[in-house]
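Residue numbering begins at 1 within each chain, and the chains themselves are lettered A, B, C, D, E and F in the order written.
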Amino acid sequence: MTEKKTALIVSAHAADFVWRCGGAIALHAELGYNVTVACLSYGERGESARLWKEGKTLDEVKSIRKSEAEAAAKALGVHDLVEFDLGDYPMDFTRDDRMKLVQVMRDVQPSFMMSHSRWDPYNSDHMNTTQIVLECRATAQAWGHNPGEKVLGAPQVYLFEPHQTEQMGWKPSVFLDITPVWEKKKAAMEAMNGQVHLWEYYTRVAQQRANHFKRNSGGMSGGRDCKYAEGFESIFPRTVDEL
Amino acid sequence: MTEKKTALIVSAHAADFVWRCGGAIALHAELGYNVTVACLSYGERGESARLWKEGKTLDEVKSIRKSEAEAAAKALGVHDLVEFDLGDYPMDFTRDDRMKLVQVMRDVQPSFMMSHSRWDPYNSDHMNTTQIVLECRATAQAWGHNPGEKVLGAPQVYLFEPHQTEQMGWKPSVFLDITPVWEKKKAAMEAMNGQVHLWEYYTRVAQQRANHFKRNSGGMSGGRDCKYAEGFESIFPRTVDEL
Amino acid sequence: MTEKKTALIVSAHAADFVWRCGGAIALHAELGYNVTVACLSYGERGESARLWKEGKTLDEVKSIRKSEAEAAAKALGVHDLVEFDLGDYPMDFTRDDRMKLVQVMRDVQPSFMMSHSRWDPYNSDHMNTTQIVLECRATAQAWGHNPGEKVLGAPQVYLFEPHQTEQMGWKPSVFLDITPVWEKKKAAMEAMNGQVHLWEYYTRVAQQRANHFKRNSGGMSGGRDCKYAEGFESIFPRTVDEL
Amino acid sequence: MTEKKTALIVSAHAADFVWRCGGAIALHAELGYNVTVACLSYGERGESARLWKEGKTLDEVKSIRKSEAEAAAKALGVHDLVEFDLGDYPMDFTRDDRMKLVQVMRDVQPSFMMSHSRWDPYNSDHMNTTQIVLECRATAQAWGHNPGEKVLGAPQVYLFEPHQTEQMGWKPSVFLDITPVWEKKKAAMEAMNGQVHLWEYYTRVAQQRANHFKRNSGGMSGGRDCKYAEGFESIFPRTVDEL
Amino acid sequence: MTEKKTALIVSAHAADFVWRCGGAIALHAELGYNVTVACLSYGERGESARLWKEGKTLDEVKSIRKSEAEAAAKALGVHDLVEFDLGDYPMDFTRDDRMKLVQVMRDVQPSFMMSHSRWDPYNSDHMNTTQIVLECRATAQAWGHNPGEKVLGAPQVYLFEPHQTEQMGWKPSVFLDITPVWEKKKAAMEAMNGQVHLWEYYTRVAQQRANHFKRNSGGMSGGRDCKYAEGFESIFPRTVDEL
Amino acid sequence: MTEKKTALIVSAHAADFVWRCGGAIALHAELGYNVTVACLSYGERGESARLWKEGKTLDEVKSIRKSEAEAAAKALGVHDLVEFDLGDYPMDFTRDDRMKLVQVMRDVQPSFMMSHSRWDPYNSDHMNTTQIVLECRATAQAWGHNPGEKVLGAPQVYLFEPHQTEQMGWKPSVFLDITPVWEKKKAAMEAMNGQVHLWEYYTRVAQQRANHFKRNSGGMSGGRDCKYAEGFESIFPRTVDEL
């Protein structure tokens, strides 16, 4: 536990935290947050097609993906990369796995958390992860779970941008300007060598979201300038003193 | 136009702005906003049952409702109460009526606007108002509408709490703590003599929303104290530099 | 006004009340209700293809459809068939048209009303009718509308079954056993000579809904026997003393 | 099995059946129903913050919660309180647990059942319970499950009111007047000493729902008087002989 | 693996593939597809009420249902009927069960797949099956799952028609004309002796869908003739070179 | 009327048909379709900010926009550009306007039509246009509307891609490969000089949709190559002889 503000990202596969919220991580790290990434798997089976085509073994793939994830985390300024190594496609969660995630939530005491969209017909690992995050959030809030520990408060859960947003029923409620940290996100993406084809894709995502940032900050008359942005959907209502 | 921050509330009937966002008005007035209320009708036909039962004429009802609305507006610190007098149940909008609302939007240049829920099977005036607000917002943003005037930016539109929220498909995305201005909202509600039965109802609404404020600000472990709150649904995404 | 229970059906075109709720009309007539049907048009342009193919003129088509509607109404035991003759495809509603419907609602003081589904991409007349029904219901409830008249209470609005239910987003919340009055519905359908192809279609609809009646009254183990049924979606919550 | 009408409430935690449907239980008990409550856990970990803050042990918390639940059940006139003791936060369901719930359904042969909302991002125990209830309902209907036993019919499943209804996507389809049994619900709530802060909250819920009862039973012109009510969402369509 | 086009149907219970997509199977078989049916259970417990009422044992019921399913498959021209024998009501899926289904997907390499609706409050087996199908599809696409095997492409998943479509939130996006193979579907249905009451029901379903086929192929003016059709909901977007 | 296949695009503002379906137009023109564009306004007030900032008059703006639209239409191979000149922001539709659109539909007898998304809180002109298209489609299908004319069949209505798809509730059901005609779409976009900032935006849209095309045509393992695509949402079900 720390006096610094903290955030917790739960990423089903090694690279999700890079493509989907690398900018948010880097930005909040610069703002002084300790950002922890819970990386549930290396995405070794389902997100490493290039490596498998090259004939790598499972251990080699995992080792390469692990190195890439760690390099990306470093580029983004991640405070702590917690590797669960649950395996992917499919990702099953034992009670122990879930208790471990509860413990991370309690240790980090995040101001906010991030995870995947609620529905993803292309990728059950993603939607199952979000169910588990919500379950673990409730357990971490329970006074009777490991009594004596500091219980979790009520951190917002942001759902980061999935592939093919409309098919996932994902609707962004907030756009974050990540222009100041774009070079860091770019470096992190370039650390993921197995998925080179996604570099340009997620660069364009960030440019389109910047357009949306401008439109929503100022209408057709302009709005605030922004070159790169990320979008997030909030699950819970906000509590404020001024609108 | 002014250097002060501004807000614009569009209220179908005279009392809607009191029950549904009186706290938000009073709070932002205290925060230094000039809050304009566009009151589209006095609610003379549909929301003044007591007066009609007493045998009042239409002119008498309108006059009483007008006085009450003005008293309530004063209690809340409303900067400007713009009375459209469109008639209610049903409320029809001519092109001129809509252009007048566009002009109010341009004159006020609000930081945010407020209106009714999108769907209301009990009250077509409410849902039609919101459609018109969205249409007028787009017209006010158009550079070719009354060229030379300052066009509208992209103010958020908050949908205030309808009666029987679940039937309206209304889901709050933000809770506002109105405890500091509760006495003002109470005074404004008490200015609406024709609807005494609603005083207690909307007091309880504010108390329940305060419970939700606490839960969402701190979970089962407590959260920030709050005695009265109001909830709002945002239509548009926010644009931020920190989550 | 009457001491008898009453119901009001709002049918965009002459035959809608036959196909979609003829059983409910006949059944409630037998139960002692006075059932009024507000028939907004004869469906002369859009639902009389056979007559047009035969070279009939507009007046002839309307006259035939009017006769058929009256014969069907008689077969069902309709108490009052109020013909608005608004024209169809498209159906536009002036303020006078709407005030006339409000008056019918006040005169009838129905225990329940019926109208079309909320959404119908195939048929704007249908969905526009429902919007108008909701608007008129609110006006009829307003104490200041024609003060002195008895205001409308809060009758349920049932949405009767559209064609291609799934495309209309219509979901039945109640199934009504119309077996006892099936012969009357059959006779009414057979009065609609211009749409012979629909007789078998709506007979099968009634048989399928009977299957759903059985399933929902008794599960896989049987349920109450039922040969013909109609389904309806309720807009408003019910209020009860026993579940 | 009994000739009396019966109902079955499935409550994830010890107090849910009190806050969410205590009135329905007491009312139907007075109407002559035997009401069984399947209490899946004591809510010992997640809904007993005060006891944990006082330093109680798990056994002590469970014992206290058990006593409170039994006292509340008695106050409400519960016929049978079946305690599953599955543990909470998270609540996992083995196949044996589910078979036990199936057996309760078959033994009780309820006219209707009750459970939690389908979605609850704050509380996975709640939404998982509803999934299990639906699964067990289907198993209890299967003729090949424990052949020879009387299979379950098709009882309605009412979803009782969750906290923060709009976030759960819960929409009431029926309001029940619980005014005649309010003192019993009040007594049952007061038996739950660990959650004193909820007494006033759920009293206000009942008062707000009474307002909705009135509005839906009679519109703006009055409606039937009602001081306390509970709302429920039906999952299945009803089958009726009169609307 | 084969040069022929292939399809894969995943049917929770023995008869689902007959009622829900028997026409699609027979039609594609005639078109030259090898159609594989993965039959997860015989529906022995939940869909064989008549047999249980006759006092059959579990083994007898399974044996009869197995014979019927095989006869129906033969009538439809099924290429391969893969029997999983997982048991029904409830149907649980071990990791091995899922891996077996992944293997079937890889072996078949289907052009399209079929499964149940996403939501079914009456039948958890159905909706759980669809979740598993989506999960297994993703696993079968993963290059690191059994490396060296041919990975699965991106076959469409069609959801076949459930009972009571509106309650399941199922919306057909495509209608298939099965008139040319109706006699085969009829024969297959008649092979299911335990569910005689469903023969007429699903015949009417096919006739109603034929009406929808006609309406959507040609409007009120006619459309292409069609006597029997089946409807399907697509989960994924199509990719085309002409609209 | 013509023996050639035809399509009809209904575009609220002059440039919508370029950004949103320029590729589909050019592609189908190359495939031999006569593509008609009904351009309801020049987008003179709301989509010409640059021209207004330069001090142009309304007539000048309209004239420039008209020229640009015609140049773009030519670049795309549009067969007929029907200019309605209804004015924009807000766009109101008289009965005559609607009858004119009905006439265009009947004259063109399109194989498919295109219009805007159903919901657009940013742009009422867009969503109102779609309502009118659906209404006019139904009128054009009515045998009694201008009897003697050939009635409209049942053309699919594709909703083209709006800005900020997720906010509009727009979900693509089909992706069209427009790579072969990309240079034509590019030329058409470059004809719209008033909205230079959108050239790059819609280029990226086409590149992202190409990625989705690939993913949906072949999964993670590749899919068919595609450099530029457009996405569309279908309103109506398809009717087919093979899946």
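We take it that contacts are C-beta pairs under 8 Å (C-beta built on N, C-alpha and C of every residue); 3 or more make two chains touch, one makes a residue touch a chain.
Every value quoted in this text rests on a predicted model; they were computed, and no experiment measured them.
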Shared interface partners, meaning chains that touch chain A and chain C: B, D, E, F
Touching both chain E and chain F (chains): A, C
Chain pair among A-B, A-E or E-F whose interface repeats that of A-D, sharing over half of the contact pairs by residue number: A-E
Chain copies touching (chain D, chain E) - same or different residues, decided at half shared: different
Contact-richer chain pair [A-B vs B-D]: A-B
Centroid-based (C-alpha) most distant chain relative to chain E: B
Inter-chain centre distance, chain A versus chain F - centres from mean C-alpha coordinates, in Å: 36
Where chain F touches two or more other chains at once, by residue number: 46, 49, 122, 141-143, 167, 172, 212, 215, 220-221, 236-237
Chains that touch, pairwise: A-B, A-D, A-E, A-F, B-C, B-D, B-F, C-D, C-E, C-F, D-E, E-F
Footprint of chain B on chain A - complex, ascending: 7, 24, 27-28, 31, 112, 141-143, 151-154, 156, 158, 172-177, 212-213, 215-221, 223-224, 226, 231-232, 234, 236-243
Touch list for chain C against partner chain E, complex: 46-47, 49, 122, 163-167, 170-172, 200-201, 204-205, 207-208, 211-212, 215, 220-221
Residues on chain A engaged by chain E in the complex (per definition of touch): 44-46, 48-49, 52-53, 58, 61, 88-90, 92, 121-125, 167
Contact footprint of chain C on chain F as seen in their complex: 95, 98, 131, 134-136, 138-139, 141-145, 147, 157, 235-237
